[in-house]
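One chain, chain A, appears in both complexes that follow, with chain B as partner in the first and chain C in the second.
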Partner chain A sequence: MTSESTLFSNRWLPVLLVSPFMLLIVLFFYVPIFQAFYWSFFLEQPFGGGSMFVGFDNFARVLSDREFWQAGWRTIIFMVTASSLAVLIPLILAVAADRKIRLSLPARNVLVWPKGVAGASIGVVFAFVFNPFVGLLAPLNKAFPGIWAPGIDGTDAFITLIAAHVWSGIPFNFVILLAGLQSIPRTMHQAAAMDGAGPWRRIFDVQLPLIMPQLFLTLVLEFTESITSAFALIDTITHGGPGGATTLLVYKIYKDGFSGYDLSGASTQTAILMVFVILLTAAQFVFLGRRINYER
Partner chain B sequence: MNAIDTAIRAAAASITVKGLTKAYDPQTVVIPPMDVELKAGEFTVVLGPSGCGKSTLLQMIAGLERVSGGKILIGTREVQDLEPKHRGCAMVFQNYALYPHMTVFENMAYSLKVAGMAKAERAERVAAVAKMLGLADYLHRKPGQLSGGQRQRVAIGRAIVREPGVLLFDEPLSNLDAQLRHDMRVELADLHRRIGATTVFVTHDQVEAMTLADRILILNKGRIEQFDTPKAIYHHPASVFVAKFIGAPPMNILPVTGDGSALRLADGQVVAHAPLTGAFQLGIRPEDIVVDGKADGHAVKAALRFREDLGSHSVLAADLGGSIVRIATPFGADIADRLELLLNFPTSRLHLFDAATGRAIPGAQ
Partner chain C sequence: MKISILAAAAALMAGACSAQAANIEFWYGNTGPVETAIKAQCDAFNAAQTQHKVTCVGQGSYEVSMQKAIAAFRAKNHPVLIQFFDAGTLDLMLSNAVVPVQEILPDVKWDNYIAGARAYYETSGGKLFAQPYNASTLLFYTNKTELEKAGITQTPTTWEEVIDAARKLKAAGHACPFVTDGDTWRVLEQFSARHGLPIASRHNGYDGLDAEYVFNTTFVAKHLQNLVDWRKEGLVKLNADTKAGNYTAAFNAGECAMMEGSSGSYAASTKAFDGKYQLTVNMAPMYKGYERHNTLVGGASIYVMKGHDQAQVDGAKAFLDFLRKPEQQMAFTAATGYVPVTNDVLEAINKSGDAKAAKYATAALGIESMNQPPTADSRGIRLGFYVQFREIFVEETQKAYGGQQTMQVSLDNAKKRGDELLRRFEQTYKGVKLP
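Let's turn to the complex of A and B:
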């Protein structure tokens, strides 16, 4: 192991170089998280003015709340469907682009652009795209009145959210997966072709096993991302409605905390969500990560 | 001899190439129309410098590269439009191209699995091949846990387990170090003697070609320079290109002029008597030149430039009429501190080539 002193002559220089970034994450991540955990054990006054230690009362209250479990359940459904689609669709696109099918070069560029669009903007665009009167599905409503009504039908609203989320997830996952596919040596395809495997068979026997590290990475990131980043989409497209059908945990936390002024309840839910994400990611590493062969 | 050997020997098919061409566009012709026939069970080495089209030829036989024109027959079957899997060829790649996520067993069994062979039969077949190649103890390992030589053997095993009619090798030894390359060469020769598969082996290494081949196909810019046994290619090169490509150090080529009775070097010295007129290229192998000794040729004077002592013999470089000639001479010749050498070119060892085309002049040797 090389010691730091061979890289930096002054031992405080590395600390100094890292400090701006450390300051940012401490200030905007660790402090609020610690605060949330702290508040979850106190009853906080809504407009400031002291707090009272209540032990696990907040947790008992939150965990016995039916709405919390509903929002949690929706979060899990959203996480599973949206993340799977947000990996599966880029995967299909990447396999196609890797095959050099027609128009794959322009498609490769076009597909990357959504990465530059902020979540809230995507929400505004999709609210318009899926608008039942003027959106893409409006003709469907003309033929079968009322079949697409995200403003009334919870399922339709949920589908809109998933579509927006998947769309915003395509660029990053596409780039990662395509890079993985392109790093597979050409002779590997040729060897499989000589062994008698057709193009479809090669996808499952050669390509997918060899991009497992990339698939794992995108899946882990998607799972965590889908839990938190859904906020911007919900806030712009559905506002949690109709009838709470799209109120995921992140949005419920925001509403409880900043509209309902239940700071303790919101903090408690944040703590619970946080622990859930940590456990989920750890589980992915334990059950999936170990089986992945990083060797080429 | 076991069942695998017999099956491969029985499956061995000839390869006939008729008017085969490859061109990426009218300006870039990789292989102009080529006709050649490789006999069943024969070990053919395709030899040439990089960019001569040898790998392209191999890939077209394998079906990995489309042909631009002409026919390829394996046995009596036309295969140029068939998918690789329907051609009955197996291939060993330069970088082995083993599946890193599969064990040695799975690597070797993959083609059988794709072909839909029953599990028990697969295991039996792989076990037989693994035993033959000394891989029986490594079947459960992944390629990443094997040495270069072992990976090479797995790649060969993966190819022969299907009992292919044709076995193709694309520079398979070039990734190995010198010692291992030598060992694998011996193993390959031994393997071919046992299984007798029709083998096409692409390389740019003349030593591999000389030691492994039944016949060597020498390519230059996509054209066949010569297709013959190693012995014939060494002793009767069909062109200057072949003469210079085979042998280490390569054959000396000197410009000579015939005045009707003798061949003269650029400085006027007579090297041989021949009733020829005009410009020629004279070839002589470094080991055929006699220093100081008596031989049936003419003696010419040359100035010694430097010598390399290789232990078993020395290689001298001498200036002869403005050209450098290399002479391989037995170790111990007392020439270390002399500047002028008397060289004798035995007439029976001379090769004569046309000055313009570089082709050998028949009967002139």
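Let's turn to the complex of A and C:
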């Protein structure tokens, strides 16, 4: 506390400086969230004018809906596969870039570029890249007709989505992990090398343990982000299809709320999803976060 | 002091002006050539009179337009006129957000509209809720040039003939004989209507909110299973099977030889075919042994939204009157392929001497299709949350095309999920009577 008061002579100044941002958060985050929780206990007419308190009816309806569980299950599969790949691949790239292999300098630069691309644009590009007739896999389709059909086969569509998500996740995770790797003192490598540890040994016994805080950060962010940020990709690449195979919970909420005018059901699912994300993050901190040693 | 006087004067003037003239907004959802035609009508209205000014705002799609309208209505920031599509009819009727056009324009001769168009949008008391605007119906498009190449000289009129033709096309090496997107409007609604089959009980919901879906038990189930089988045989292609990625684009590019499509895409097809292929349009095919009934009026209509002052409503009325003028409807039809649905416009077209011209090809044909003998189940669809049901239907049937489940399982699932929507709609509007 003493250090703060030395920075700001007036105790209201920091509050004032933060307030515009807090106002935005309240307006665009807490108010809608509160609204969603509120609506989840009502049956709401789309155009307003009539809403009826129904208690936990909406929750009972959503929780007994097979589509909800399927979308939830798909969300979990996507979360686990997409976010672990979105950390693993940047990790490999970062370790390589850190080893000062040839071209690591331009690679460090180039690999950051995708960060500047919006999710929806990535979606449009990937829809083209994975197009069965003109995309990258078109030659495969020529050889084996129908083997790659993301418009018909749900699994293919899901793979497209994961690839797009992982690609968009590379830059941020790469930067974080590379920064972690570079902050490891060279003396550690030298000491390990003198003790006879080869490159692989050094990666597993020196580098990985020392970048655990960064790995943990990227994993937590990826887990939560994969749940929400998949929306832009789904909306541009698959529209939730074919046959609902890529309808993750975020997309289902959007569909139910905005094209189905089911404001109550969408709100209920939002509430459930949010509680799930909070619990998931809390669990990560409780079970993983504690084991991480931030001291060096 | 001076400033406040000025401000008061300005406010007074503004008030005085708005009592006579109004700036009104009209939201629509179309894009492409149709949007161009809509904008032309807006400009023509503004040029034809000086009292009112309409600002036409494109929202990109019917769904987005409706989403924005809901948000805008809740924020009391909504336009006075809005175009909505057929599927949202009941949602709007019960929304308490719109005024029936026949109520605010009681002196218009509404019986000028053909029965098929009225039936879709009118209350049980016979009052028209919305003014039909870009009306369309399902037609059967063929690429005559490609068909003739395969030795087919007669345009198929039954499904049996369509599939025979498709087999011939395939034998002649054609990669895509018949294309559809499997959309609910095309394969369920228009098919059921013209074959005289109900989609839901209580005459598709016209008799009450307690309707239930029944399409999984009708002949449409057989037809959809046929589509699955024909697709396996290589006769029928879906959006994702085509290089173009979209059925109309695939047909227009000459990739596919036959399609069932809205009359509203006629203009785009003629333009794409110009100089390359010959285009034929006909009424949508029937199965042998079924009597032909009317197809439904699709497309969209214009609603007047509540909560505007008299000047704005007057402006809205003037714009609606303008759009109903025969010459406006004719120009719109010629530019887009949408079907004029008033009798006086049909007469005007016949008198114009252009009746046989390509630009009016869909008008006579579309009217003929919509004027076939109706049944109680071919009036329209009056089911709640129907926009979402359309998506459920597509989602479930895609699973059948993908081979994940049989078509019957898909349809049973779609019925079950659809019924849940209907029950929730019933509960949301508890105690509300159908108008």
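Assume the second predicted complex is superposed on the first by the 288 of 296 C-alpha atoms of A that agree within 3 Å, B and C clash if a C-alpha of one lies under 4 Å from a C-alpha of the other, contacts with A are read in each partner's own complex, and residues count from 1 in each chain.
Quick note on the criterion: contacts are C-beta pairs under 8 Å (C-beta built on N, C-alpha and C of every residue); 3 or more make two chains touch, one makes a residue touch a chain.
For clarity, every value in this text was computed on a predicted model and none was experimentally measured.
Peer 1: Tell me the contact category for A:206 with respect to chain B and chain C: first, second, both or neither.
Peer 2: Touch status of A:206: first partner only.
Peer 1: With both complexes superposed on chain A, which partner does A:49 reach: first (chain B), second (chain C), both or neither?
Peer 2: After superposing on A, A:49 lies in contact with chain C but is clear of chain B.
Peer 1: Tell me which touches more residues of chain A here: chain C or chain B.
Peer 2: C
Peer 1: For A:147, decide between first (touching chain B), second (touching chain C), both and neither.
Peer 2: Neither: A:147 stays clear of chain B and chain C.
Peer 1: On the A-aligned overlay, A:103 touches which partner chain: chain B = first, chain C = second, or both, or neither?
Peer 2: So A:103 meets neither chain B nor chain C here.
Peer 1: Check whether A:260 is in contact with chain B, with chain C, with both or with neither, and answer first, second, both or neither.
Peer 2: A:260 sits against chain C, while chain B stays out of touch.
Peer 1: Once the shared chain is lined up, is A:138 touching chain B (first), chain C (second), both, or neither of them?
Peer 2: neither
Peer 1: Quick check for you: in the superposed arrangement, does A:67 touch first (chain B), second (chain C), both or neither?
Peer 2: second
Peer 1: After lining up the shared chain so the two structures overlap, which partner does A:187 touch, if you call chain B first and chain C second: first, second, both or neither?
Peer 2: first
Peer 1: Tell me the contact category for A:243 with respect to chain B and chain C: first, second, both or neither.
Peer 2: It touches chain C, and chain B stays clear.
Peer 1: Looking at the complex, which residues from chain A come into contact with chain C?
Peer 2: Contacts found on chain A: 43-50, 52, 61, 65, 67, 131-134, 149-154, 240-244, 247, 255-256, 258-262, 265.
Peer 1: If you look only at chain A, which of its residues touch chain B in the complex?
Peer 2: Within the complex, chain A contacts chain B at residues 185, 187-188, 190-198, 201, 205-206, 209-210, 212, 293, 295-296.
Peer 1: In the complex of these two chains, what residues of chain B are touching chain A?
Peer 2: 62-64, 83-85, 89-91, 93-95, 97-101, 110-111, 114-115, 142, 144, 158, 162
Peer 1: Hey, which residues of chain C end up touching chain A in the complex?
Peer 2: Chain C residues touching chain A: 63, 67, 70, 73-74, 91, 95-97, 238-241, 243, 245, 385, 387-388, 391, 394-396, 398-399, 401-402, 404, 417, 420-421, 424, 427-430.
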